[in-house]
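Some structures to go through are shown next.
The same chain A turns up in both complexes below, where it pairs with chain B and then with chain C.
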Partner chain A sequence: MATVAPAVTHAPPAQGLGGSPRAGWGLLALLLVTIVAALCAGRYALPPSALVDVLLADLGWPGIEAPDAAARIVHQVRLPRIALAAIVGAGLAISGAAMQSVFRNPLAEPQLLGVSSGAAFGGVLGMMLSAHPAAIVLGAFAFGLGSLALVFWLAGGRGGMSTSIVLVLAGLVVGAVFAAGVSLVKLVADPQNQLPAMVFWLMGSLASADAAKLWIAAPVILPSLYLVYRLRFALLALSLGDEDARSLGVPVGRTRALALAAVGLITAASVAVCGIVGWVGLVVPHLVRLALGAGHRMFLVNVTLAGAIYLIVVDTIARAATPVEIPLGVMTALLGAPMFAYLLRRLRAGGIER
Partner chain B sequence: MTRLTPAARRRALAIGLPACAALAPLAGRAHAAAAARRITDQTGRTVELPPVVRRIVAITIPAASMILCVDGGAERLAGMNPASRDDLTAGLLGRMFPAAMRVPSDVASENFAPNVEALLAARPDLVVQWGDRGDAIVRPIAAAGLPVLTLRYGDSALAGDWLRLIGQALGKAERGDRLAREFDEALADIARQGRAVPDAGRPSAVYFQRLRSALVVAGQGTSMDSDIRRIGARNPAGTLPGFTPINVEQLMAWNPDILLLNNFEPGLTPAAVQADSRLASLRAVRERRVYAFPRGGFRWDPPSQESPLALRWLQGVCDPAGPRLDLRAALVDRYRDWYGHSLSEPEIDGILKIADNGGSHRYAEWFGARRG
Partner chain C sequence: MSGPVLVADDIGHRFGAHTVLAGVRFSLDAASFCAILGPNGRGKSTLLKILAGVLAPAHGRVRCMQRIGWVPQAVQPSLPLSVIEMVLLGRAGQLPMFGAPSRDDARAAHAALARVEAGALAGRLFDSLSGGERQLVLMARALVGGARVLLLDEPAAALDWHNQAVILRLLSDLTREGLTIVMTTHAPQHALDFASHVLLMPQGAPPVFGPPDDVMTDAALSDLYRVPVRRVAQPGLPRGFTVVPMLAHPAHPHPSP
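Let's look at the complex of A and B:
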């Protein structure tokens, strides 16, 4: 762990402290382009003119009436899905960056905390106990928060927060228990009716995105995003080591607890609305680090925007490439793992690893 | 021998008795082996049966209600799939065969994995199991020394042979063969009528194995796909493999004429689909051609002895001219033969889901009771 740490914190020094604000504006422009492109893509052939009509009609342009099917597809299918992908992608990416700072380990990612397993257990339990779609969301969120509390309690509260090894072990234990719980629920669930839905949900999907899910995800994920952003200098100090951070006047235990609480909230909310989507928290921060640098002045902003772009792109492929709705978790792993392998090769070729 | 305290003796008896009970059928079979009967099951295996099958276990879900139908009672049904219990409690089956409610359902899990000890405790002479879901769910039964009759799944037409095989196994080959013959003839007749539908007049219909938590449609290799094509309709999902998840946009791109709802998701009704704003611009929703599959002695979406009536119903809701026969009269007639049961009007309404489907296009007119 310790030998790899400098590789990350002092990674590509080429562009100083996370690039200039120019990179951030560039990513914002790219996000807008991605959103427009994603709005145009889908299984239902929607000519760009119909899309323009719908958007103009929304803006109250006089004399324009959008066709019903086109309006429904834009308002009830594509827009909620794109918005949810952006929020969840941004949340998972910034969670990954925060985890990597807190644990001073380039392999840290949100799932390490055990919260996604807890949320997954809550989701499948909700599915087993009730056919109502809200049961999944409520169960996942409740158990996600519960497992976060459990990890904090196991890690020993304020004092214990200062040792990351205890946190990793606590996350491991909680994750293992709830992963076993998921298997148990799958075993006793009705295989004709409930099991296929559980399997599909566990693979992650934004297919059921709607305004209600946006209202669940946004109020949890967006403030958590802001919290991590506010902690950006403390997290940068933390990634240098506890001693260095303390000497810089950073309250180590408090920073760690706040960052992990934000990560836990984001993870629980994202599992609640779209199941388990892996690899985003691992791949996106590394992509940004490699392309734009790792300084925390703009880094977390760049990671947030890149995470949103990444998940919109991946989800657009998942919903538009084939008649079959491809599970999102499958797509993020399928694209994320090779990307990660490529990064690994580049890092090695650059001689950064010692 | 050491002297046992009374308590220890009771314990020994408690352990010993079920053990003897479990061994009894093994001994019985050794005697019967000389006069064994041989039948070939649906996967081509030769099954050796005792001269008389007194106890039969159905691990495949439709076989339990099929055994009740062929045998006319629950006396020989010694065990069933836990999912079959749902057919007894939610459907009419439990009211027609109250004795079946006492049949143990611990012989296998719902995903067909046998519980060998519970199976042995049920002392079956024959176990009915799926033969096309891997050897892992068949081998443990055979290894326990129990004869296994395996069935295949995938097209409703396969269920004719289920009737034939269960009839032979129960020593009621005549009744089984007749029911199978009627089944095959009805399906052939429906297929003939289906082929006669001109290409331009073929409506498109999509079956949802799941609609509420995700959109999962029936594609190639499912009995629902074969049924939709058999009655002369098109299944736009027919090119996809098995039960496949799709999204709303794909459904809108297909824009099918008819939506068919499953019997598995609680609370799934045409009214719930009509109220889903994402689906509101679909042709089937605008024209209210959304129908939930009926449920009688068995669910009408998967194959069973009731498939001939299920297909007549499907033909009726897909044909703009409506059903070609009086389904209510056919139900009364068939249920008398299948289950020895005289259906009441409210029972028929319940099977055909007149309450749930009543708001759908011409449903009450086509399938409701004639007034006056």
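Let's look at the complex of A and C:
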């Protein structure tokens, strides 16, 4: 029988599921290079040979002794900071990709859920009460989780999770309330001692990264990140719309709830350890799609790696480019917004518009 | 032989106070090809969704002995999905929530795409396809999910004649392989030429179900669409005639809207 007439077929060779694993290996290599470069860069510039000495000494290589200052900088300052940047960047990037699937909107990003406002409120509240730094981090995380629970409670009607529009509105409400709370705390905070710290923290920074923060963020972000990765096929199905996905037998409500819970956990942990860092979840997935094509088999792996690379690079620029450190959240917005504008124009030119 | 594969048992539905469906009863054996005909707004798509299990009926129940595949009129993925990814998603229901398709799933997807003779489209973006190509891909998606009963919402709407022929002949071929087809259509000729059963859903009267020869009389079609319908002999067609709606005819049987 006749086939549907292919008008003009610019079909690339049938490439299985799209997105070859090779790109993933390339990104992994790039991540390692980025980490090494970020370890060397900084106000105290470390020549690669000194870095090699430090690492070899760590491994107990006989006859090698690293200079004390270099070892201290690598171990206590740069390594935790880079590791935290990698984990937070990876988490925010995969969260953005998940949000874009769940809400069927290329402009969705983790902050839409209102969780970052909740966590920010917890953080500034802790600062106003002059709490211990660890208590501030945990307070921010706890308020982030609380706001997530609030969003679910508001959105969940009978029959569990409701439609994505209800979730967006619930996130908007919860986010607005906690944003007002943040303003209120800033208003009543001591303008000499507390307010500057709050303002700086809210702008997002990894300057105070240490092993303790790493130990708070990693056990939350890494499992959540893995959960989103395992949901990748169900999330792809959500991009078809609720009705169609349901007709295929996909548990739409449960997939959405799990994905959003993971995004909420990642967001809360990120804000707790480094304040509000925007734009990562919005820019990185689009960047990956533009650079590596539309295939979704390896998409979330690539997004995770690219997110880690992206935030390490941005944070290294933030701490090394100028004599005074630029807040990370300012940098991600400063770089992210124009990058997104460029992507927007590219996507429109390519006709991939929705 | 085994009994019926799809039974609609007094299906009714309402949106608020507005009754869109009432008293839909039919029973289809395997390898049947059923066309659902009716004017706009008589609940054809709603019925299809109820049969597919996407919508719970307000009244009655659906019994289906085999796996159902719903082929919607259009799907708008929010992500740039490739054709093969779209077909693979047909397997989503069989995979666990945390699962991802295996190589076997991918092979099945390519086979299903080949079955609808659209294998060359595998690497294209779904959004870049024509209407006819999209229908084929969505049919492949239903097939790869193991569907033995296909429910299609106006599969031939908005297609040119060539593509209408491609889709309808393919559906007809599938019934010869034992699949059961249910489709809505606004083209009575499609039902006459291809269907083994017809469900007419007239305005203000109970639905009528039966073989086309019994059900699709000139009078019934004239009533259904509220325009005079004539038969014209046309040797070479399965039933030897076409039906022609006389849209410009002054003698309108139902002058009221």
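Points worth noting:
As a working rule, the second predicted complex is superposed on the first by the 327 of 354 C-alpha atoms of A that agree within 3 Å, B and C clash if a C-alpha of one lies under 4 Å from a C-alpha of the other, contacts with A are read in each partner's own complex, and residues count from 1 in each chain.
Quick note on the criterion: a residue touches a chain if its C-beta (ideal position, glycine included) is under 8 Å from a C-beta of that chain, and two chains touch if they have at least 3 such contacts.
Computed from a predicted model, the values in this text were never measured in an experiment.
When the shared chain is aligned, chain B comes close enough to touch A:E325, but chain C does not. Shared-chain residue A:L231: touches chain C; no touch with chain B. By the touch criterion defined above, A:S247 lies against chain C but remains apart from chain B after alignment on the C-alpha atoms of chain A. Ranking chain B and chain C by residues of chain A touched puts C first.
In the superposed model, A:F200 makes contact with chain B only, not with chain C. In the superposition on chain A, A:V77 makes contact with chain B only, not with chain C.
Within the superposed three-chain model, A:S183 lies out of touch with both chain B and chain C [touch as defined at top].
For the contact definition in use here, the chain B contact set and the chain C contact set of chain A share no residue.
For chain A in complex with chain C, the residues that touch the partner chain are 1-7, 9, 11-18, 100-101, 104-106, 230-234, 236-237, 239-241, 243-251, 254-255, 258, 289, 294-297, 352, 354. Chain contact summary for the complex, chain C toward chain A: residues 49, 52-54, 70, 72, 75-82, 84-85, 88-90, 92-95, 97-101, 106, 110, 117-125, 127, 130, 132-133, 136, 141, 145, 162-163, 165-166, 169-170, 173. Within the complex formed with chain B, the residues of chain A that make contact are 42-45, 68-69, 72-73, 76-78, 127, 131-133, 136, 190-193, 195-197, 200-201, 205, 207-208, 210, 319-320, 323-325, 327.
Across the complex, chain A is touched by residues 61, 83, 109-111, 209-210, 212-216, 239-240, 243-250, 252-253, 264-267, 277-278, 280-281 of chain B.
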